[in-house]
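Both complexes below contain subunit A, partnered by subunit B and then by subunit C.
Then we have the complex of A and B:
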């Protein structure tokens, strides 16, 4: 087992232990929120999933810029890996939010600024994956993908600040700003973000390995055809 | 426990399950891709060996 595999196994094991402990504490020791009741606990996955998603999209932006500067395909592999993982966490954020909304608002979805902008953001990043499938040539695919990642990121601040800039149904920030949450909830929220970040790191490493493997296979195929 | 409290817990369970289903689904797609890459690598290696043999 190589160093990378060992890191992945350790990170995955620690994340699993932390998540098990967190879910236990969340369900048995944390009190219900006064107005929302038990469903409030969904925030401990909903918000960290959004943070992880945005962090991944930010890293994809950095990878896109560095790729255009250095033209190293390693950065392209990193970009596609973090984007895919970011999309998975974005999906967790959207779906968990819908389930929370069904109880608190009585509806699954509303075309509110925050919800709509998050959905548009998710679709734009999904579009990046579609674009990659459509372009055959490796360097052209990496170049167009990098440009798209840079353009896509312009939506992320809009999603983040939409609840400040517009009248929305979505709750105001609970970690900073006026509606600060209680310390024990805040501790759980950040405490749950750590294992989710570890899982994201494992998935990115795994995906990068596959991307590099795919490139090796393509190179071998070209070499085989050139005989 | 009242009906609304029970419904609240039920939807919390749906939320947690949905989070795990999405993660597991993504891990399964990674596993499927890994298998496919393994097969492709075998094919290419076989192709290289055949060509070298000729």
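Then we have the complex of A and C:
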């Protein structure tokens, strides 16, 4: 087992233990929230998933820029892996939010600015994956992908500001905004981000490994064809 | 100076070949008119309802029709390896890009200029009450659409399914620009001037144009050559 595999196994195991402990505390120790009842616990996954998603998108931007500077396909593999994991956590954020909204607001979806922005960002990065599938040649795929990552990330602030100028239904952000959150809940929210980040890291490492293997297979196949 | 001359040469070349063949502009114009016609079935086309959503209707038609023009922009250079020739010529990538963007800009503005009066007649809307401000919004938002669209046109030129990829990749990036354009156009066509909060949308449009023009100019060599 190589160094990378060991890191993956250890990270995964620690994440599983932390998650088990957190879920146990959430279900047995933390009191229900006064207005929302039991369903409020979804926030411990909903918000850290959004954090992880945007951290991934930011890392994808960095990976894209470094790829263009160094032209090393390792960075391209990192960019695509981190984008895919970001999309997965974005989906967790959107779906957990929809479940919460169904119970608290009585509707699955509303065109509130945070929901809309998140959906637009998700589509932007899904577009990156679609673009990659349409390009055959490895270095061209990496190059065009990197350009798209730069364009995508530049539009994210515009998306958030423009959509924010419409009316808001989402509860005020409980961490930075006017909304308030009790200390024990806040602690759990950040505490639950740690295992989610670890899971994200494991997934990224796994995807990078697959990506590198895929490239080797493609190279071998081309070599075989040339005979 | 040489840069501007090269840019204008590319723009003039694109416009000349478009005016002579009319391959993109005809398709784009008739498509825009078909969309404007289809909208009349989507809702009750009284002037009251129309005025409330006028900006949205117009910009959807412009965005859909615009893709047809933008798709041709770089694809036109593919036969006979013209794109390779342009890349090998002394014209820098940025001049090539800005020249092509300029040509697309003129074509899109032309389509909008035809569609606006048609829209006014079809839906019985007096759209020209704040003509100066409306023209400003058209100029700014169309540049945003053009510059993003031309970059993605270059990005997708060598891809399989190019015609499908371009709108799929371009529209999400254009959302802030189109939102601002829709909002401002609705206000202006409704007969009110841009005041208060709406000034922020104008700023957003200007910011969008500046940032994406700079990004496009910086990135275009990477897209076209590598």
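We adopt the following convention: the second predicted complex is superposed on the first by the 213 of 227 C-alpha atoms of A that agree within 3 Å, B and C clash if a C-alpha of one lies under 4 Å from a C-alpha of the other, contacts with A are read in each partner's own complex, and residues count from 1 in each chain.
Note that in this section a contact is a pair of C-beta atoms (placed from the backbone, for glycine too) under 8 Å apart; a residue touches a chain by one contact, two chains touch by 3 or more.
Nothing here was measured: the structure is a model prediction, and the numbers come from that model.
Peer 1: Tell me which partner A:150 touches in the superposition: subunit B (first), subunit C (second), both or neither.
Peer 2: second
Peer 1: Please indicate which partner A:134 is in contact with in the superposed arrangement: first for subunit B, second for subunit C, both, or neither.
Peer 2: second
Peer 1: If you stack the two complexes on chain A, which partner ends up touching A:165: first (subunit B), second (subunit C), both, or neither?
Peer 2: second
Peer 1: Is subunit A touched at more residues by subunit B or by subunit C?
Peer 2: B
Peer 1: Could you look at A:221 and tell me whether it touches subunit B, subunit C, both or neither (first, second, both, neither)?
Peer 2: After superposing on A, A:221 lies in contact with subunit B but is clear of subunit C.
Peer 1: Identify the partner contact of A:102: answer first if only subunit B is touched, second if only subunit C is, both if each is, neither if none is.
Peer 2: first
Peer 1: Does the superposition put A:111 against subunit B (first), subunit C (second), both, or neither?
Peer 2: Neither partner.
Peer 1: Please give the residue numbers of subunit C that touch subunit A in the complex, ascending.
Peer 2: Within the complex, subunit C touches subunit A at residues 148, 151, 155-156, 158-161, 165, 168-169, 172-173, 175-177, 179-180, 197, 200-201, 204, 207-208, 211-212, 215, 219, 222-223, 226.
Peer 1: Flag every residue of subunit B that touches subunit A in the complex, lowest number first.
Peer 2: 4-5, 7-9, 11-12, 14-16, 18-19, 22-23, 26-27, 30, 33-34, 37, 40-41, 44-45, 47-48, 51-52
Peer 1: For the complex, which residues does subunit A have touching subunit B?
Peer 2: 23, 36-39, 41-42, 45-46, 49, 84-85, 88, 91-92, 95-96, 99-100, 102-103, 199, 203, 206-207, 210, 213-214, 216-217, 220-221, 223-224, 227
Peer 1: Name, in rising order, each residue of subunit A that touches subunit C in their complex.
Peer 2: 68, 120, 123-124, 127, 130-131, 134-136, 139-140, 143-144, 146-148, 150-152, 154-155, 158-159, 161-163, 165
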